[in-house]
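Letters A, B, C and D mark the chains in the order given here, with residues in each chain numbered from 1 onward.
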Amino acid sequence: MKKIAKAALAAVLLVGTSLSAVAVERGGVMTYGRYADSLFLDPVLNDANVDIWILSNLYDTLLLPTDDGKGVQAGLATEWKVSDDGMSVNLTLRDGIQFSDGSPITPADVAWSLKRAANKDNGIWNFLVSSIDDVTTEGDKTVVLKLKHPDPAILAALTVFNTAILPQKVFEAAAGATDADKAKVFAEHPVSSGPFVLQSWDRGSTMKLVRNEHYWGKGEDGKPLPYLDGVTFEVLPDDATRILKLNSGEIDGAEFIPYSRVEELKSAGNLNMELFPSTRVQYVTMNARPQIKGKDNPLSNPKVRQAMNYAVNKDAIIAIVTHGVGKPLTSYMSSATPMHTGDKPLYAYDIEKAKSLMKEAGFEKGFDTSILVLAGNQDEIGIATALQQMWAELGIKLELQQVDNATRTQQYRDGVFTMREAAWTDDIADPNEITSYFVYSPTIDALHTGWKNEEADKLFDASQKEIDATKRAAQYARIQEIYNAEGPIVPLYETPYPVALSKKVHGFLQIPLGNNFFGRAWLDK
Amino acid sequence: MSAGIGTGLGLTVRGLTTLFDTPRGMALAVADVDLDVGPGEMVGLVGESGSGKSVTLRSIMGLIQTPGHVTGKVEWGGRDLVAMPAEELRRIRGSEIAMIFQEPMTALNPVLPVGLQLEENLVAHTRLNARERRARALELMNIVGIPAAERRLNEYPHQFSGGMRQRAMIAIALACSPKLLLADEPTTALDVTIQDQILKLLLDLRDRLAMSVVLVTHDLGVIAGTCDRMAVMYAGRIVEMGTVIDVFRQPRHPYTRGLLGSVPRAGAVRTMLSSIEGTPPGLTDLPAGCAFHPRCSFATDICRQERPPLQSLGADRKVACFHHDRVAAAEAIL
Amino acid sequence: MSVAVEKIGLYPRFRRLALPRTLISGAIIIGVSLLIAFFPALFAPYDPIAFDYKALLKGPTLAHPFGTDSFGRDVLSRVIHAYTIDMQIAVFATVGPFIFGTIVGAYVGYAGGLAEAIFGRVVDAVITFPFLVLVIAIVSVLGPGLGNMYVAVGIVGWVFYARLVAAEVKVQKRLDYADAGRVMGYTPMRIVFRHLLPNAITPAIVYWMTDMALAILLGSSLGYLGLGAQPPAAEWGVQIADGKNFMSTAWWISVFPGIAIVITGLGFSLLGDGLAQLMRVRR
Amino acid sequence: MQNIGSGSLPLFSFVLRRILQMIPTVVFILVVTFVLVRLLPGDPASAMLGDRAIDADVERINASLGLDKPIPVQFLYFVKNVFTGDLGTSIALKLPVTTIIMQRLPVTLMLTLMAALLALILAVPLAFLAALKREQTADAVIRGTFQVGLSMPVFYVGILMLTVFGATLKWFPVGGYGDTFADRLYHLFLPALTLAFSFSAVLMRNLRSSIIGVINAEYVDFARAKGLRPRIIMTRHVLRNALISTVTLFGLQIGTLFGGAVITETVFAVPGAGRLMIDSIYGRDYPVLQGLTIALAVLVSLTFLATDIFQAWLDPRVAR
């Protein structure tokens, strides 16, 4: 019944419309302002969001994420089935799929691409598909994955950029001895499987993508996607300049609008201020080791950490730093991450409770401490300045140390930092990635803080093999309960992706994992 | 010698006055100066530093800039230079009237070759082409007596000695064969031997080019050796004028007499050199009456109240002193 | 004053009294700035650090004549308290380089020969060294903060003074009064520092005043990169950097510190011009 | 070394000598940068991978870049490559360093040259005017506006320029670089002007001060006494002498122009070497930093050489 009603409604709309946007228009080039240039457009060997978030326009994966970023839908594969024992996955490829050079996409390409992604020596993303043991092909349409152990996140993993499908023959033919050398040569004139293909790239200024004539995707008008003739990325590092260029109509869209300008752009006549839901969380990491560089560390006492959490007025920080765009965190993972639990904000502001906790912990008069802040980053400086003011009420004297990223990462990885600000976005529509970094001590000692919880570690190990969705959900609920209560972090807020688009732009999408999809975007003439 | 006066051939200065608007009030640098220079005549202008002799030259040449202001009449070739528009005056400077300065080290542009500084004068006022200008430059260098002219033209002022620099400056000034040369203490910075050569050069050029010269100096010896007529300036005014012979033989102004008294005489009986006490007055707080009266041994009450006018005592002889006959009668210095 | 006035001997009598107008006005501005720098609390109506998240980005009102910034802090109080740091930057970032540079410049200018060749190479090295690598290296190794900024600026800053003084001393030593000194058997040290330097130092002093203004400007650029003054301290450059994103909606955050920089910079340059005039007239 | 103003042969040997002198300077700078950058906390791999870096991955990548060897060994390895013309490959961009520098350095060169030119065009005439009209209104107005120029941070002036001349008046594009030469001049005008602001202020102050010193010189009176055209007096006699100390300053300030270029390139989205420098520092991209430092050291030394030659031509008294 529901389907028929929807069709009727669409028909009415179609007939009655004069200017409505339902009628898709083809052609034109969309220019998009980015805050930084990509570095290396190879699905397996890249290492930064600036690459990840546009790779999905060049390379397609067997499965595609749903628009809300939580589920999976058909990609290069039309059917997929996980065996009952969870030890293997069968996938059937779509008919007639081709690379941008017209050559067919064969099961061999898929097997080679997935094995390359899982290879321990290639790049840093192989842990996402570490469960793959072997990939075999059957006939000209079927691919079978053999797993080392049941992996509940394998389907989600098949939507992630690193499992994108590349042309084996063209890649192998590229000059160079190692995979890395071949990747560099291939990346200069890549053959793609996604809606667009790279045409030209002036480093630091402009990157031009053009339509992939052989793309399998179909638009609403039945003709092949993408609607656009091409997409041009302009690198505009300064926020103010990026917005100015958008206002003057020289570009059609701009990413990372500073929170302080969101309100202003909402009222701008010629723009749509989009706030795409995201898995981005902002938090402070506290070193929980008893001693740092030989000096006693008050933060190792859970009561002190809880007191500092209660003393932070999240609403004030959201107002000052995100100008109301953010939402307080209800768990260490963002609400857009699957299996997120928790409905009320963590550590609601309670200065009295904070003071009593400090007394209980024996730090009534407070202590001196410091926090690492990314040099010149307005948001981080804003947060640190606010924390300085708020913790002063507990007698805590906070010194800000603005350092560049590499310096901060060094102290962070060596575990010699006291406190630091940080942000996180998921790369896979599954909670296992964030949990392995935040909670599971074997990965990086729980954000290099030296914090450890036996029960949480055991629960995570079990969840990695638990095929039953409800049992897995319960495991994650418990993990979140433990971590949110005594974890070594100060959860602050989660924020959407602020993207401003000109009124002419339709169909552009940024999913919670951050990937920008231009495949279904189109421009009014 | 003064036949040229008034016939439009020489220089006629009438009532020349130059005022300076300084933070401390109006300074009267040159007050009501009259001067006549006939063609081919060399007139000396003598006085202590600060007497306004140098400002007089600059005022005639039109070099005074704000905050200075020049009034009066300077007749040259039938035209009044003071009232003349700047562009017209510019065309006369360097071609008809030339000027040379005291400090050769600073009067020549240190960063330009001497040849260029000479030829630019020719470029400004003649239509000679490059080759002709070069020839003229070489000719001038020989006239003023600078050896190896070809090489020296490409050299820079700091590569010339004091005397050579002065000769170069004279060559540059006389490039367009001007009819009048204003020489502002041209020999003061030189030692005596070089000084003598330069003065002989000036006299020789005056004769060869039938050029009139106004020679400003504080050195009476220089005046005696070169000039036909002379004028003595004190505190911005001319206080005595006449032929060199008359003034030297019988100075009629106490200041001139004092100046002559302070000049050593060869051969004369050994006498004490007398000097004039005190210093010249500041030009913004001039004493009442005759400006010299505070330092004058002949001064009486009238000198302290009234300023003596410059009265004519016959052909070509003037003095501005109430007691000029008493001064003349005092025992002669000679 | 034109040459003619000097010629007529009027000038020596009045020089002692008539200090150039520029010197006086410059001294007044800098004097007031120093006063505010030492006692900011006397002038600032509010605590520059306390923020009030209910009064964010409020425009100029009677209560807050300069409005409030993105933390709800009073901009006027922050501009006043910033005097302390910015005058510090202006002085400490330049006085070291000025003194050291002048000494080295005077020696090199006078000695010439080998000293000059070595000095030439050192200058080339220091100037061509990417200043940013140096600053970031020092700040990363020694930690952020003004002290380390002075070190970084100092390492490069002295070269400007040295070259200016060396060039001027080279010209001065050719003049007669330098020979006179030698003739009278003065030691080279005495000739250079008692006689040549007073005449050779004018361009360095003029540049020093400009350098002070430039130091504040550099402080703001480093503030923009997060390498200058650390929060929550108030510093004009950092305030302007904070206000950059609110240029259209909250112009007052950047404009008022900007005005403060202009006025202080003007004070320094007037002082510089006045000193130069004084020096030149005495020469 | 007799003065080089006149003869041409001495000029050639003077230039040759200066170029030979450049070599020790460039080598010295390279060694200092090579070591200094490696002493910076953090390494290329952790800078690239950021917070997610797992120790195993970091070790593997650093080892593949040869960074696990001691610094002296790395330096020898680097020197060996430099002689074969190979400056190495950028760690972040995975492109040969020479290609990147060839792409990015000309942009900054063009920007700084335009800025220096604009600064001169702004500073010289106005310095003259201010000097001639000393202590009068024109002088005060000129010095006042330059004083504002001297105090406005580059990023603020940049955004202001873009807002007014770019977005609102649309006289200029909002940032970017352009493809053809003319297009680039058009794109780089605003950033060059922004960069020229404080530079011209410094030049103007110095030039005005030296013009005032020169305008009363006796050779200027002599030039006027020679009846030369005012324009000739002002250029050949006054300006030429006044420029001497300003040229020294110009040479020195060129180095700082590059510092300003870093921020200007960020604000105006110009893909220059300034931004490449700061990205490489933050990314600990050693090969690019080394290559860029050599290129910059050579370029700035050449500018010094040029200003020295110009100064020697200007003032023959200071024999080199």
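Following the convention adopted for this analysis, a contact is a pair of C-beta atoms (placed from the backbone, for glycine too) under 8 Å apart; a residue touches a chain by one contact, two chains touch by 3 or more.
In this text, all values refer to a predicted model and were calculated from it rather than measured experimentally.
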Checklist entry - Which chain is in the middle, if each chain's centre is the mean of its C-alpha atoms? => result D
Next on the checklist: For the interfaces A-D and B-D, which has the higher count of C-beta pairs in contact?
Outcome noted: A-D
Checklist entry - So what's the Cα centroid distance for chain A and chain B, whole Å? => result 91
Checklist entry - What whole-Å value do you get for the distance between chain A and chain D if each is reduced to the mean of its CA atoms? => result 40
Checklist entry - When the centre of a chain is set as the mean of its C-alpha atoms, what distance in Å lies between chain B and chain D? => result 53
Checklist entry - Using the average of all C-alpha atoms in each chain as its centre, how far is it in Å between chain C and chain D? => result 21
Next on the checklist: Give the residues of chain C touching no fewer than two other chains, as numbers and ranges.
Outcome noted: 2, 136, 140, 174, 224-225, 241, 244, 247-248
Checklist entry - Where does chain B touch two or more other chains at once, residue-wise? => result 58, 63, 158
Checklist outcome for this item: chain D residues touching 2+ other chains are 40-41, 155, 159, 163, 218, 221, 281, 317
Next on the checklist: For the complex, give me every residue of chain A touching chain C.
Outcome noted: 239-240, 258, 260-261, 264, 313, 316, 319-320, 323, 373-378, 381-382, 384-386, 388-389, 400-404, 407
Item to check | Partner chain A, residues of chain C touching it in the complex | outcome: 49-51, 53, 56, 70-72, 136, 139-140, 143-144, 224-227, 230-232, 241-242, 244-249
Checklist entry - Which part of chain C faces chain D closely enough to touch in the complex? => result 2-3, 21, 117, 120-121, 124-125, 127-134, 136-137, 140-141, 159-160, 163-164, 167-168, 170-171, 174, 203, 206-207, 210, 213-214, 216-217, 220-221, 224-225, 237, 240-241, 244, 247-248, 254, 258, 261-262, 264-266, 269, 272-273, 276, 280
Next on the checklist: Considering only the defined contacts, which chain D positions touch chain C in the complex?
Outcome noted: 21-22, 24-26, 28-29, 32-33, 36-37, 39-41, 135, 143-144, 147-148, 150-156, 159-160, 163, 198, 201-202, 205-206, 209-210, 212-213, 216, 218, 221, 245, 248-249, 252, 255-256, 258-260, 262-263, 277-278, 281, 289, 292-293, 296-297, 300-301, 304, 317-318
Item to check | Touching residues (chain side chain D, partner chain B) in the complex | outcome: 3, 5-6, 217-219, 221-230, 232, 236-237, 240-241, 244, 314-317
